[in-house]
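Each of the next two complexes has chain A plus one other chain: chain B in the first, chain C in the second.
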Partner chain A sequence: MMPSAHYQRDRCVTGITGLDEILRGGIPYGSTVLVAGTCGSGKTTLCMEFLTNGARNGEACAHFSATEPSVKLLENVRQFDFFDMRMVDQGLINVFDMDVLFSWLGMTKSTFELSDIDAMVKSITDIVNTIGVTRLVIDSVTTLCYKIPSEQLIRDFLFKLGKALATLGCTALLVSEITSSGAKAYWSSFGVEEAILDGIIVLGDVERMGHLLRFVQVVKMRGTSHARAKYALELTPKGVMLTPMLKWGAVND
Partner chain B sequence: MIELDFGIAQQLAEEASPSSAIQVRVGTSNSELVIASMLQPLITEFGMRGVYICASRSATEVIQTMERVGIDTTGIQFIDSVSSGFIGGTEVPYPNIRFVDSPIMLESIMLQTLYHLGEKSDTGNFVILDSVNALSIYNEERMLAEYLHTFINTFRAREVLTGIINVPDQTPPGVLANLDLYCTDLIDRGQVVIH
Partner chain C sequence: MATTANFDSDDEEFYGEMASIGSPKFDTILTGSPLNNGSVPRGFTMLAIGNQGAGMDLFAKQFAAVAEDSENTILVSTAESQAEILSLYKRYDWPTDIMVRTMGEEYNQNVLERDLQASKFRLEGFSMEDIQRLAQTRFVENEVHDYLTDLTSQMTSLPQYFRAAVDNLDFFFARNDTSRVISMLRMIQAHTQLQRGVLLLNVSSDMVDKSVERQLYAICDIVMEFEVGMLGTDFETRMVIRKFRNGPENLKAISFRVTKDEAITPETVDRIA
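What follows is the complex of A and B.
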């Protein structure tokens, strides 16, 4: 059956040049989207620009940092013109260190059990609810999932988190670190994230005669039609810029 | 001292529009003259600003050549895909040069160009691509043809005048045929070499 031509879900406009066009207007509100990418592919910058564009419109945003201390994250993102430290000072962008959160929750074990996962989801959703967060980033969900001992528990964690955030009307980007992309089409570290979540945006590199060219590709996005082509990605002082990748140059050498 | 070719200024005044895609055919020995003769009226007579993509020679060399002719290049943003090819090449005294790693990074060149055009006013902009021949050293013919197709249409849609420099008798035939097809205007100062 063809989707109705009349009904369109409200969108969370990312404000990222080119991405909203690819998504035919933005990410459907309340979606939980996997942003999967190799190292240096621009995941963190893309996510920070997503938050900043929300904050610029007065939305409350939250960033949960699991891979680097928040101080370091903010220092790195300050080089971009799109970022304004006053957004942090004014409480529009709220940055949390996951290590600190775990300490508050008394989660000091190397692996998480179901009760720990429930506590983690509850603490994240409590923050979202209290501050009224409409845009959220977890960077990275891979780091958290390494502490979860089984695929079933990872599935539970992501399902509960996605459901709770959707109920609160919060659009979330969960960063996933992958070691390869493209031909083998691995979009997540554990293989379960991609099935549970509403969308997958892949970032990676195409190698062209020894040079690495960044690309982004929307593989899946529930609730909207979207382009599925590869787009070349450039990190400029203004943030992420996209252009369709040349068809004759979209594959590795 | 280069003596400018005022026929080019006259042709631009009579024929060019803000969205013109001009194929600029040059010879192996007159490219500097032709490019200077094109830039001079664009900047001084039409008050335009723009982006100059360097694939043949470094941006520093282009700036110094234009300065010798008396052309003010401060309103031009240079995107240099040559100088990253050698150590020390990117240490330049000009603030209006940005570097792309290689002429193979065609999409990066496009995005850098769009970024710098976005920094300028919405109207009265130009982009000079110097040159198709240099890009053809690094890029396979059909990819280059695809790029030029995208390049011309992107800037025509944004009403940005484009000047695409090429030495016709050294341009891959498929690429040249596509340029003939996509470009709206032709400045022909190419030399015909009879072998």
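What follows is the complex of A and C.
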């Protein structure tokens, strides 16, 4: 059966300069997207800008911080013009420390069992449901997956989480830490995240004319057509800016 | 930890070389004379091992109740509350001003309550109020408390001629690596020896395997096995002294009963082997 030529899924407009154009209007609502990148590639900033733009439109947003204390995260993000601390105070951006959540759920062991994973998914979806979260970020999902002892359980976790969030109409960005953007076959640390999730946005560094440039590339996005080219990513005081990258001159393109 | 200790001559005279085991009648049986000050050489660590219900917990309280100096005496209980212990001490008219540490009670408050709350969150989920509180909580509260380190620290800071009873070690074996518990007990035993304290440790025989039991026997200077059995329609309880460092003549099996006035008190004396 041919898809209807007129039907187009509603979009969650990221508000990030250049990204909505790449995605032909934004991320399809309810998608769970992997934001994979090397350290310092701008993953956290991109995600915080995504939340801030939602909060500015009155949407309830949630950020789950697993790699750094939320106090530090908020201090770092305050330097950007796009961020307004009042959004946190007003409860539009709700920042949660994953270690506090784990402590509340009695998840104190070094590895998670299936019951722990279910408790974690239930808690996150509870929060989304209770406060009506429409945009969510987990930074990073890699840190959580390190505590999950098998690929099958990681797959279960991501599948259950993605399904629950999609049902609630929540668009989620899951940050994934990768060691090298040169590894073309893998966009995630465990290799299973990329297959389960709806989209993959890769961030990394590329050397061009002797300069190390940040780039962003949408590798996969279910429910929309999108450009697959690399775009130069600039971290400015105003936030993330994407510009098309010329095709010549790349060393390890 | 200090390796040498100097003792005041007044203290040496006051405390003497021997300490009571907790009952003058037991002391008399062990030393063979009612004139001695006690039957346990100062610096000794004693182990009471046996089945639940054999009287070890009461024996520990009775041992602590001797309290030559209340400020030097501590009872560590892992199963009972302060109120229960106080009530028993009053019943036997034992001194109530000794230090009592109820680790079981502390554990219930700090850990089990949190576990209960965690199961509630897992089962019922978060309310709006919980979510708001979670979003405002930036640090993990009440890190898991290490009660074994706490016990070791408290015991090794007790002053000279202390009297201490730990009822019982099951709590620590259940929550820590066995080797860690043994290592901590060695430190406590060394402190007891150096500071001429007397220490009683209780452990259930079904809590530790044979190899751990052997290590405990090696650490402790006196080992008492508590047994309980049926004799007709009555219970028969007895204490078998399996080890007495430098005092093999003290190896005995002593039947005892619990009376309203004297708590644990011996009935007859049997010599083993």
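Basically, the second predicted complex is superposed on the first by the 241 of 253 C-alpha atoms of A that agree within 3 Å, B and C clash if a C-alpha of one lies under 4 Å from a C-alpha of the other, contacts with A are read in each partner's own complex, and residues count from 1 in each chain.
Throughout what follows, a contact is a pair of C-beta atoms (placed from the backbone, for glycine too) under 8 Å apart; a residue touches a chain by one contact, two chains touch by 3 or more.
These numbers come from a predicted model, not from an experiment.
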If chain A is used to align the two complexes, do chain B and chain C fit next to each other or clash? fit
A:45 contacts which: chain B (first), chain C (second), both, neither? neither
For A:119, is the partner it touches chain B (first), chain C (second), both, or none of the two (neither)? second
Identify which of chain B and chain C touches the larger number of residues of chain A. C
Chain B versus chain C as contact partner of A:241, first or second or both or neither: first
Touching A:97, do we find chain B (first), chain C (second), both, or neither? second
State whether A:209 touches chain B only (first), chain C only (second), both chains, or neither. first
On the chain A superposition, what angle, as a multiple of 10 degrees, is formed at chain A by the C-alpha centres of chain B and chain C? 130
Counting only touches as set out at the top, which of chain B and chain C does A:232 meet: first, second, both, neither? first
After overlaying the two complexes, what is the shortest C-alpha distance between chain B and chain C, in Å? 34
Chain A residues touched by both chain B and chain C? none
Report the residues of chain A in contact with chain C in the complex, numbered from low to high. 69-71, 91, 94-97, 99-101, 103-106, 108, 115, 119, 122-123, 126-127, 130-131
Would you tell me which residues of chain B are touching chain A in their complex? 101-102, 104-108, 110-112, 114-115, 118, 138-140, 142-143, 146-147, 150, 154
Which residues of chain A touch chain B once you look at their complex with the stated criterion? 208-209, 211, 213, 232, 234, 236, 238, 241-249
In the complex, the residues of chain C that touch chain A are 114-115, 117-119, 121-122, 125-128, 131-132, 134-135, 137-141, 144
